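Same chain, two partners: subunit A is paired with subunit B first, then with subunit C.
So, the complex of A and B:
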C-alpha cells in the first residue's frame, strides 16, 4: 500500500513516470470539456458582471461600471424577495423530502415477494422531468376540475384558490417539490437500510427493545451517512429551484413564488439585461459555494485506495 | 387474526402506499388524456373516463411538432450520454490506477467545477453559444449535458473500477497489452454493468433537463420534449386533456426504460451517492 510507505521522496521509476503521463492524458478530455462549458463561461460571467451590458440598449455599449451592479442587486427588493423565497423553499422542501423519503424507504424495506411495483413506485417520480411534475400538480390544484378541490368538496369543505393565493401557491409548490424529490431520497435511504445487519434488531428484541426504541437506537444512527448524502444532494438542487414553480405559477401571483433562479432567468433572457443578470448570478454562486462545500468535504477521499 | 397474517397485511399496505404514491399522478394524467372536453367540465368530476376517446392524442401530433421534439430529445440525450461516459471512464480509470499525485484532490476539483449551479453558467453559456453560432443546435445542449452527468458517472465508474483486481490488468500487460489496451480489453468489459448504469443515469439526466433547453434552443423546431410540452398551453386557456395526452406520450418511453432497467438504475443511484 502506498499509504503505508514512509514519506520518503523516492524517485519515480521510468514506468511510473510514463503511467503518470498517461494518466494526465486520460484526464485531459474531462478538463477540456469543463474548460469549454464551465470555466470559460464563468470567466466571462465575472467579466460581464462588472460591465453594463443590456442587449436591448446596444447604443450604450458595454462600459465598465465596477461594483455598481452588485450594489444594485443588494439594494433590489426583488432580488431579496426571490432570495427569501428560495430560502423558504429550501427550509421546507429539504427536510420535508428527507422525512417523506425516510417514510417511503421504511415502507419499501419490507420483505415483498414481488419487488417491482414498489421499486417502480419509487423510480417513476425520480425519472419524471421536474417540469412534468409541475404540470401534473398544477392540474391537481386546478380550481374547478382539480382533484384536490373536488376532494375538499367531497369532504364537505370549501374549494381553495390554490394557485392564485400567495400562501396557498407556495404550499402547493412545496407539496409538488417534496413529492418529486422524496423518491430519490427514499432510494438512497433504502440502500442504507439494507446494509443494517438483521442481527442487530434480533439482539435488541432479545433485550426487550420495542419497535420505536429500535428505530431510534439502531436505524437512525446507522442511516446517518445516507441521510447526510441525501440532505446535501437535496440542498444543492433546492438552491436552483426553477422548473416546478415555473410550470405551476410562473412565479405568480405577483412575484410571490418566484425563486432566485427564476429572477436571474427573467432579468437576462426576458429583459436582456446581461450585465445585471451576471452580477446576480455571481451573488447566487457565492451562496451555493457555501452550501456545496459540505458535500466536497465528504467526498474528498483518495479514490486510488480501495479501503473506504 | 394471527400475528403472521397481521404482518402480511402490514406488508401489503406498505407496498400499496409506496406504489400508489408513485403511480397515482401518472394514472390520473392517463385518465384525463382519455376524457372528452365535455366530460372534463362536468361537476362533480368523474374518475374513470366515461366514453374513452383517442382524439386528444391526435391533437397532440397535430397541434405541435411533437415528433421533432422527441427526435431532438433522443439525439441530444444519446450523444451527450456517449460523450459523458467516455470522458468519465477515462478520468475514473486514471484516478483509480495511474498513480497520479493527489487523486482525491483532482476528483474534488472535477466535481466542484462540474457541479457549478446551472443558473449561474446559463447567462454566459448563452453568450458563448450565440457567438459560436450553436444556438438552436443539438450541440448547444450536448456539451453542457455531458458535464451535468460527469459527477455521478465518474463516481459510479470509480466504484466499479476499484473492484477490479489490478492483477488482471497486469497479466494482460505482461502478455503484451498496453495500458490503454488493458483498459478497453479487460477493465471496461469487466465493469460493463457499471458503464451501463452510468449511461442510464446520464441519459435520464439529459432527457429531463429543462432550464438550459428552454434558454439555448429558443426556436420551436429545436425544442426538446420537456420544453416542447409546455408549448401546448394556449395564451389564455389551458387545454388539460391535450396537455395530459402529450404528457402520456412523453412519459411512456422513460417508463419503459426504467421498468426494464430498474435494478441497474437503483444500484447506480445508490452507488453514486454512497460508495464513491
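So, the complex of A and C:
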C-alpha cells in the first residue's frame, strides 16, 4: 500500500480536482440511497441480533446479550428442522426449475410462425405474484374440490391428502415452486440460446451429428454461462422460499413444511421477538453465503480458462 | 426555489396553528377491522355516528381474513409507531399483548369517575378480558362464542335428537351419514388447519373434561388426563368416519362454507355464522339450521370457547379525544342491538339479549346468554401468539396423523414450559 502511494500521488490540476468533486457529488445520491435501503437496515439487523428485544415483554428492556441468541438458534430444533426443509426445497426445486426451464426454452426457441403466444405463456407464471401462485395451487391440491384429486378419481384412484400429509405436501409445494420459477429460468436460457450462432448447427449437421449430439456438444456447452446465472438466481430465491408454502400449507401439517424464512417471519412478526428473529435472519444470511459461494467461485474464474 | 420552500413551511405552520385553534373543524378518524367482522354493517353504524356528529368522518380500513393475518399486519404498523390508525378492532385474546406492548391507549383517563359504572354494564367475561392489570385497554364491540350448528331437516328425517354429549353427536352424525348415503356429506366440521381456531378445537374438550391449559396457580397442567381428552375424542370421530379425512386443512371459514353448501351435519362455529346461513344468497341451508350449545363428555358439563371483538385506541393516534367518543358510541347497547339484528353478532350487554327486535331476528339468542356467560377464555398471556402457535401446530400435526397424542402433548409441554416458567 505505502509503496503504491507515491505513484498515485501526483499533483491534480484544478480541472481534474473539480472533475473529481463533480464525480463524488454525482455518486452521492446513489450512495445515500444504497446506505438508506441496504446498509442501514443490515446494520440495524445485526445490532438487534445482539440484543434481547421482545415487543411482548417490554419490561425486560433491550439488554445486550452478545451471542446468546445465536446459541439459542443453533440449539433450537425448530431452527434446524426449518433449515432442513429449506435445504430440501433447494435440492429439489433448483435443479427441477432448471430442467423444466431448459425444456421450455428449447420449445420457445423453435421457429414458430407466431411467436407471441409462446412467449406470453412463458412470461405469465413469472409475472404472477408468488402468493397468488400459492393460492391457486392450494385450490388445485385441495382434498374435496381440487382438480388433482378429481383427476385421480377420474382414473379410478383414491383421492390423496395432498396438503395434510408431510411428504405429499412437500411434493405439492415443489410442483408449485417449479411451475412458478421455471419460467424465469426459461427466459434467461432463451436469451442464451439465441446467442448460439445457427452456423454451428449447420456445420455439425454436415459433419453428421444427430440432434442429440448437437444438443450435448453445442447447445449445453454454449449455454453454460446462462445456466449458471439461472442457478445462482434460483438458489438465492430458493433459500428465501416463503410465499408458496405460506399460502399452501402455512407450514403444516404441524411444522413439517415450514421454511427458515417462514420461521423468521413467525418469530419476528407473530411472536414479536425481534432480537431472536434478527439472529435467525443473520444465520440465514450465513447459510446463503455458504450456499452461493460455490457459484461465486466459479463465476470469478477466468471464462477463457473455464474448460470442461 | 428557496423562497418557495420558506413560503410553504410558513404556510404549513400557519395551517397547523389554524387547526390547533379550531378543533371543531372536520375530524377524520380511521378504524381498522377484519373482513369477517362485517365491515358493511360497521359502515352503516358509522353513518349513524357521522350524522349525529357533524364534521366527523370515519373511514374503515379492512384487513386480513383471519385473526392472525390481521394481527401480523397490525404488528408491523404498530411496531413502527404509525399514527394512521385511530381505532382498531382486536380479537378477545389480544388485550394482554396490546397492554404489554403499550400499543393501546389506556382508557382510564377518559372514563374518569365513570369507569366502574361503565364497565359494570358489560357481561363479566368481557369486562375481565378488557381490563389488564387494572387498566381498561379496550371496550367490547360484540361478543361471540362457539355453538353447535346442526341440520334440523336431516336430524328429523333420520329420527335423531340434537346431541348433548360428544358420544350422541358421533352416533347421530354416523346415523345421518349412513341414511343419506352421500359421500359428500361430512359428519362434524371444526377448524383443524394450523390457525387460531384450532386452539379452540383443542381446548373445548379439555375444558369439557374439567381441565385447562394451566391450573389455578398459572402452572402448565398438560400432565392431567383432561389434556389428553381432545386427542381421544377426535381419534374416535376419525375412526367412525364422522371427521372429514382432510380435517387438517380446514380453516374456520372453510367449515362455514362447507356447512352452508349443505355439506355437513354438524359444524362447531362462531355465533355470527347464523346470519350467513340464514341470509346469504348462496346458502343451501336456509331455515334448515338449528343451533345449540356445544356438547360435553357428560350432558351436564358443556363447554365453549369465548370469542368476540374489542375496540382499542392506538397509543399513536393523534385524535384520541374524538376516537374515544367513537368508541363509546360503538360500544353502546344501541350499537349492540344494531349489530345483533344486522349481523347476528352476540350483544355485550345482558339486556340486549331480551330485546324483542333482536329476538325476532335471532330467536335462538334467548338461549345464548347462559352459553356466553359460561364460555371459557383462552389463556391470557402477553405472549399469547406463541402459546397459540404451539397449541395449534401440535393439534394440527395430530389431526394430520404426523404426530401421536404422546408426541403432540410432549412437544406442547416442552415448548409451553419455556413460556410458563
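Everything that follows uses one rule, which is that the second predicted complex is superposed on the first by the 269 of 308 C-alpha atoms of A that agree within 3 Å, B and C clash if a C-alpha of one lies under 4 Å from a C-alpha of the other, contacts with A are read in each partner's own complex, and residues count from 1 in each chain.
Criterion: a residue touches a chain if its C-beta (ideal position, glycine included) is under 8 Å from a C-beta of that chain, and two chains touch if they have at least 3 such contacts.
Here the structure is a predicted model, which is why all the values come from computation and not from measurement.
Chemist: If you count the residues of subunit A that each partner touches, which comes out higher, subunit B or subunit C?
Modeler: Subunit A has more residues touched by B than by the other partner.
Chemist: Tell me which partner A:187 touches in the superposition: subunit B (first), subunit C (second), both or neither.
Modeler: First partner only.
Chemist: Answer with first, second, both or neither: which of subunit B and subunit C does A:26 touch in the superposed model?
Modeler: first
Chemist: Have a look at where A:269 lands relative to subunit B and subunit C in the superposition and call it first, second, both or neither.
Modeler: Both subunit B and subunit C are touched by A:269.
Chemist: Go through the superposed model and pick first if A:217 touches only subunit B, second if only subunit C, both, or neither.
Modeler: In the superposition, A:217 touches no partner, neither subunit B nor subunit C.
Chemist: Going by the contact rule set out at the top, does A:166 touch subunit B (first), subunit C (second), both, or neither?
Modeler: Once the two structures are laid over each other on A, A:166 reaches subunit C alone.
Chemist: Once the structures are superposed on A, label A:254 by its partner contacts, choosing first (subunit B), second (subunit C), both or neither.
Modeler: Once the two structures are laid over each other on A, A:254 reaches subunit C alone.
Chemist: Quick one: is A:288 in contact with subunit B, with subunit C, with both, or with neither? Answer first, second, both or neither.
Modeler: The answer is first: A:288 touches subunit B but not subunit C.
Chemist: Figure out whether A:202 sits in contact with subunit B (first) or subunit C (second), or with both, or with neither.
Modeler: Touch status of A:202: no partner.
Chemist: If you stack the two complexes on chain A, which partner ends up touching A:142: first (subunit B), second (subunit C), both, or neither?
Modeler: both
Chemist: Taking the contacts subunit A makes with subunit B in one complex and with subunit C in the other, which residues are shared?
Modeler: After superposing on chain A, subunit A residues 142, 144, 269, 274 contact both subunit B and subunit C.
Chemist: Using the touch definition up top, name the residues of subunit B that touch subunit A in the complex.
Modeler: Counting only subunit B, the residues touching subunit A are 10-11, 14-15, 17-23, 25-26, 28-29, 32, 40-41, 43-45, 83, 86-88, 90-101, 103-108, 110-128, 143-144, 146-147, 150, 154-155, 158, 162-163, 179-180, 204, 207-211, 215, 225-227, 229-230, 238, 240, 243-244, 247, 250-251, 254-255, 257-259, 262, 265-266, 269-270, 273-276.
Chemist: Considering the complex alone, what residue numbers of subunit C touch subunit A?
Modeler: 68, 71-72, 75-76, 79, 97, 100-102, 184, 193-195, 244-249, 258, 382-383, 385-386, 389, 393-394, 396-397, 399-403
Chemist: Quick one: which bits of subunit A touch subunit C in the complex? Just the residue numbers, please.
Modeler: Within the complex, subunit A touches subunit C at residues 55-59, 142-144, 161, 163-166, 249-256, 266, 269-272, 274.
Chemist: Residues of subunit A touching subunit B in their complex?
Modeler: Going through subunit A, the ones touching subunit B are 2, 16, 19-20, 22-24, 26-27, 29-31, 33-34, 36-42, 44-45, 48, 104, 107-108, 110-112, 116-133, 135-137, 139-140, 142, 144-145, 147, 150, 153-154, 179, 183-184, 187-188, 190-192, 225-226, 229-230, 233, 236, 239-240, 242-243, 246-247, 260-261, 264-265, 268-269, 274, 277-278, 281-282, 284-285, 288, 292, 295-296, 299-304, 306, 308.
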